[in-house]
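In what follows, structures are represented as structure tokens.
You will see two complexes here that share chain A, one where it goes with chain B and one where it goes with chain C.
Entry: the complex of A and B
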């Protein structure tokens, strides 16, 4: 069940009605929401529902165990390692095993050994089709964050399995985030929800924004430009430099529209049910630096890596060399988190190198200038251009799934013999909306939202219908999934 | 909680606005033309109860989603023939009366009137444009088998053994693809007019698979597809036999067969397959109907002329499809082909004659029981 379908609209509406009908009955309300969440997950891939339950039980037990052990540090560590081993074991097996086996097999063959390893995925002769369980990276990180927070005594262990299961599987953010910390979500479960009419309006407005990003920006650019050019090495080669460049800029907007659109719909859906989820995107392409970019792009994941990895490695507290090494490691792992493929490793490496270079440069500049960095409109503009283009060029590595396509991407930049072909008007519309959505000041965005919320309820309903007409008129006929569902 | 609060005014307003739009588009004439909806089993199905004038022919789709009359139980003495196929059998360029299943029916009625004791045929077409063999067989299993036809005619081209295109299965926006059946969908699709590129891609994908068989009919890919198709046909033959029915393959001729004879012995492949199957009273041998020799004979002059022009099959098909008033083809009037694969009315007539003759020759019970 995808967010941008009528089926989801009906599902969300039903969940909304049942949830608010049970407002006064906490356990029933949560049980209904839990059933809805598992139903939602089963609608995407029923085979892996059990994994979600295993992950939930593991961290519930681990959290309770850590709390019970209290002063026994060794026992507390045992429970933490148990959670890490189970969660990362499942994630590693389903997401990375085939990648690992394939490369081991290649290496062994290169050394002359006749290796035939067992695989999980059907494309390698294994038993499973689509081996990566939907949303596994997201819910694994979410449950891990809970156990680590309990271990660090930053959150109290959840006493209700029902509440904890709902925290892990809450359908709006189950498949592709935002990754929510327990201390943000569990207190909301404990309180009785207050039905605030402005929440409904704001939720609807955010869902509409998400649908616009997904259906108008991402899907249009994907169907009519990016996916056509980036289909394979031959199509990249044949596109010529101008079209390839446009497709690459288009991809930057497509991936933003796809993922930010998903996040908006998730946050809006949660708000209809009275829950507040953290912001996940904040106009990332107007970041003035790479650090700022990662605080605006997939914010919940960046914060996870910052809190649970970068911080654990010592962050910037252990000297210049260690800081740079930590930055390098974290961004390499961010790349690998996105997928099991060399292109994701290269993508992570790309950001690692730039992050390290920029941080080293800044450290040196700060030392020489006595702790002050010059700031002007020009440096800001240059910073935005630089940051955007680092992300843009990294996008080529993200989008190309094989070495031949990456090579073709480099080669085609020399071919300026062809002009731009005629493209559907919707492509230019999608690009314009993508640019405008970044250029719009946040206060204007908020003011439009507030104006929508202030509209009489029937007018809001009619406006939703009108927006649906507009979106369906321009979006391609083909229903596409969300890119981040694969992670 | 009161129902009025549950059915909040936003929901009601939104639904009313959507319904008003749908009504307005419906009144404006949208949502009546031919179209497809997604289907879990078949990839796509034709939308039911639609009608459209298309290139001079009137096409009406019945309540089951086929270009056929509404179903009525056949007469007691009629041989029940079900035809599954693709655009060749669908015959979108002609009135339904001039498509070969209907002509087969009429031919049998004429013969039945002339030869007392001969049963007429009730032929129902379940052909859908773009269907491949797997879709045709699923169509039989889902919609035809329960009606226990005496004969199932599977009309297939060499490349129909290619698998179903998965991209076609992803259309629509949920709720069982109900949206694509609305006037709103039709209106937005036609007004925005940007969906053609995607259709182009679908066609390209289809062309690619067709080309795989057409370019390399003896290659590993084509052979594996044919092997899978043979297994499925054997299953269908057994299912048919349980209801007392018999399987007949109509190996459709193409212009490529005429211009490049021997590029692939399509009928020969299925004849060998039929001969390899066990035969008993319960499992009669599949009938393989091969109209190619007669087509080749009737098209000899035209074929020679096309060959003399140095045209490959696709370009030759284009020449037939869009003949210039002062074009070079002197024998155009005798053409049985409309293009590379589709048939003219004369082609449909000839095919119907061949199928009828084959059914008579093959001891299908055309005599009154």
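Entry: the complex of A and C
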């Protein structure tokens, strides 16, 4: 069940009606939402519903165990390791095992050994089709954050299995985030939901923004430009440099529209049910530095790595060399988190190298200038251009799934013999909207949202219908999934 | 739900958000010298303020803050709105 379908609209409306009908009956309300969330998950891939339940039970038990152990540090650590082993074990097995086995097999063959390893995926002769359970990277990180926060005494353990299961599986953000920490979500479950009419308007407005990003920016650019050029090495090679460059800029907007669109729909859906989820994207291509980019792009994942990995490695507290090594390791793992493939490893490596280079440069410049860095409109503009193009070129590695395509991407940049072919007008519209969405000041965006919220309900309904009609007129006919569903 | 906080709690939140060691900051520490107070530290801090205190503040509201005590004053003012 995808967010941009009529089935989801019907599902969300049903969940809304049932949830608010049970407003005064807490357990029943949460139970209904839990059933809806598992139903939603089963609608995407029913085979892995059990894994979601295992992950939930593991961290519920681990959190309770850590709290019970109280002053017994060894017991507390045992529960933490139990959670890490189960969650990362499941994630590692389903997401990375085939990648690992394939590379071991290649290495052994290169050494002359005739190796035949067992595989999970059907494409290698294994038992399962589409082996990566939907949303596994997201809900695994979410449940882990709970256990680590309980271990660090930053959140009290959840006493209700029902509430905890709902925290892990809450359908708007189950498949692709935002990754929500327990102290953001559990207090909202504890309080009786307040029915606020402005939440409905604000939720609908954010869902509309998300649908615009997905249907008008991401899907149009994907169908008419990016997926055509990036289909394989031959299509990249045949595109010529101008079209390839346009497709690469297009991909930057496509991936933003796809994922930020998903996040908007998730946050808007949650808002209709009275829940507030944190912002996940904040005009990332306006970032003046790479550090700022990661604080604007997939914010909940960046913060997870920042709080739970970078911090555990010592952050910037152990000297210059260790700080740089920590930055390198974190960004490499962010790459690998996105998928089991060498392109994601290279993508992570790309950011690792740039992050380390920029941080080392800044450390040296700060030392020489006595702690002050010059800032001017020119340095800001150069910073935005530099950061955007690091992300853009990294996008080539993200998009190309094989080495031949990456090689073709480099080779095609020398081919300026062809001009741009005629492209559908919707491509230019999508690019324009993508650029405008970044250039719009936040206060204007909020003002438009506030105007929408203030409209009478029938006018809101008419505006929603009109927008949907316009989106559907522009978007391609075929239904596309969200890119981040694969992670 | 918004709740009142004292300046020591703000110091702890800044320490957590900037990955500083507990006890390494004080109410009158100069924030310009806090290494982790970059864009990620700021986003993290604003998220903690939202989750723990129940107050939404914009980054620009903190521009003039020099110490955690100043930050506390801004948050107290925002909570009273």
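Following the convention adopted for this analysis, the second predicted complex is superposed on the first by the 487 of 487 C-alpha atoms of A that agree within 3 Å, B and C clash if a C-alpha of one lies under 4 Å from a C-alpha of the other, contacts with A are read in each partner's own complex, and residues count from 1 in each chain.
The rule we apply is simple: a contact is a pair of C-beta atoms (placed from the backbone, for glycine too) under 8 Å apart; a residue touches a chain by one contact, two chains touch by 3 or more.
Everything quoted here is computed from the prediction, not taken from an experiment.
Engineer: Quick check on the chain A-based superposition: chain B and chain C, clash or fit?
Structural biologist: fit
Engineer: Angle at the Cα centre of chain A spanned by the Cα centres of chain C and chain B: state it in steps of 10 degrees.
Structural biologist: 160
Engineer: Considering only the touch criterion stated at the top, classify A:117 as touching first (chain B), second (chain C), both, or neither.
Structural biologist: neither
Engineer: With both structures superposed, pick whichever of chain B and chain C touches the larger number of chain A residues.
Structural biologist: B
Engineer: Contacts for A:450 in the overlay, against chain B (first) and chain C (second): which applies, first, second, both or neither?
Structural biologist: So A:450 meets neither chain B nor chain C here.
Engineer: So in the superposed three-chain picture, is A:420 touching just chain B, just chain C, both, or none of them (first/second/both/neither)?
Structural biologist: neither
Engineer: May I ask you to decide whether A:5 touches chain B, chain C, both, or neither, giving the answer as first, second, both or neither?
Structural biologist: The answer is first: A:5 touches chain B but not chain C.
Engineer: Look at A:85 in the shared chain and tell me whether it touches chain B only, chain C only, both, or neither; answer first, second, both or neither.
Structural biologist: After superposing on A, A:85 lies clear of both chain B and chain C.
Engineer: Examine A:317 and indicate which partner it touches, taking first as chain B and second as chain C; both and neither are also allowed.
Structural biologist: A:317: touches chain C, not chain B.
Engineer: Applying the document's definition of touch, where does A:357 land relative to chain B and chain C: first, second, both, or neither?
Structural biologist: Neither chain B nor chain C is touched by A:357.
Engineer: A:299 contacts which: chain B (first), chain C (second), both, neither?
Structural biologist: Only chain C; A:299 stays clear of chain B.
Engineer: Does the superposition put A:234 against chain B (first), chain C (second), both, or neither?
Structural biologist: Neither partner.
Engineer: Nearest CA pair across chain B and chain C in the overlay: distance in Å?
Structural biologist: 25
Engineer: Take the contacts of chain A with chain B and those with chain C, and give the residues found in both.
Structural biologist: Overlap of chain B and chain C footprints on chain A: empty.
Engineer: Show which residues of chain B lie in contact with chain A when the two form their complex.
Structural biologist: Contact set of chain B toward chain A: 1, 6, 8-18, 21, 167, 170-175, 178-179, 184-185, 188-189, 191-192, 194-195, 197-199, 201.
Engineer: Which residues, counting only chain A, touch chain B once they are in their complex?
Structural biologist: 1-2, 4-8, 10, 13, 17, 20-21, 23, 200, 204, 223-224, 228, 424-426, 457-462, 464-466, 468-469, 472-474, 476-480
Engineer: Per the contact definition, I'd like the list of chain C residues that touch chain A in the complex.
Structural biologist: For chain C paired with chain A, touching residues are 1, 16, 19-21, 32, 35-36, 38-40, 42-44, 47, 50-52.
Engineer: Would you tell me which residues of chain A are touching chain C in their complex?
Structural biologist: Against chain C, chain A makes touches at 154, 181, 183-184, 187, 191, 278, 287, 289, 291-292, 294-296, 299, 302-303, 306-307, 310-311, 315-317, 371.
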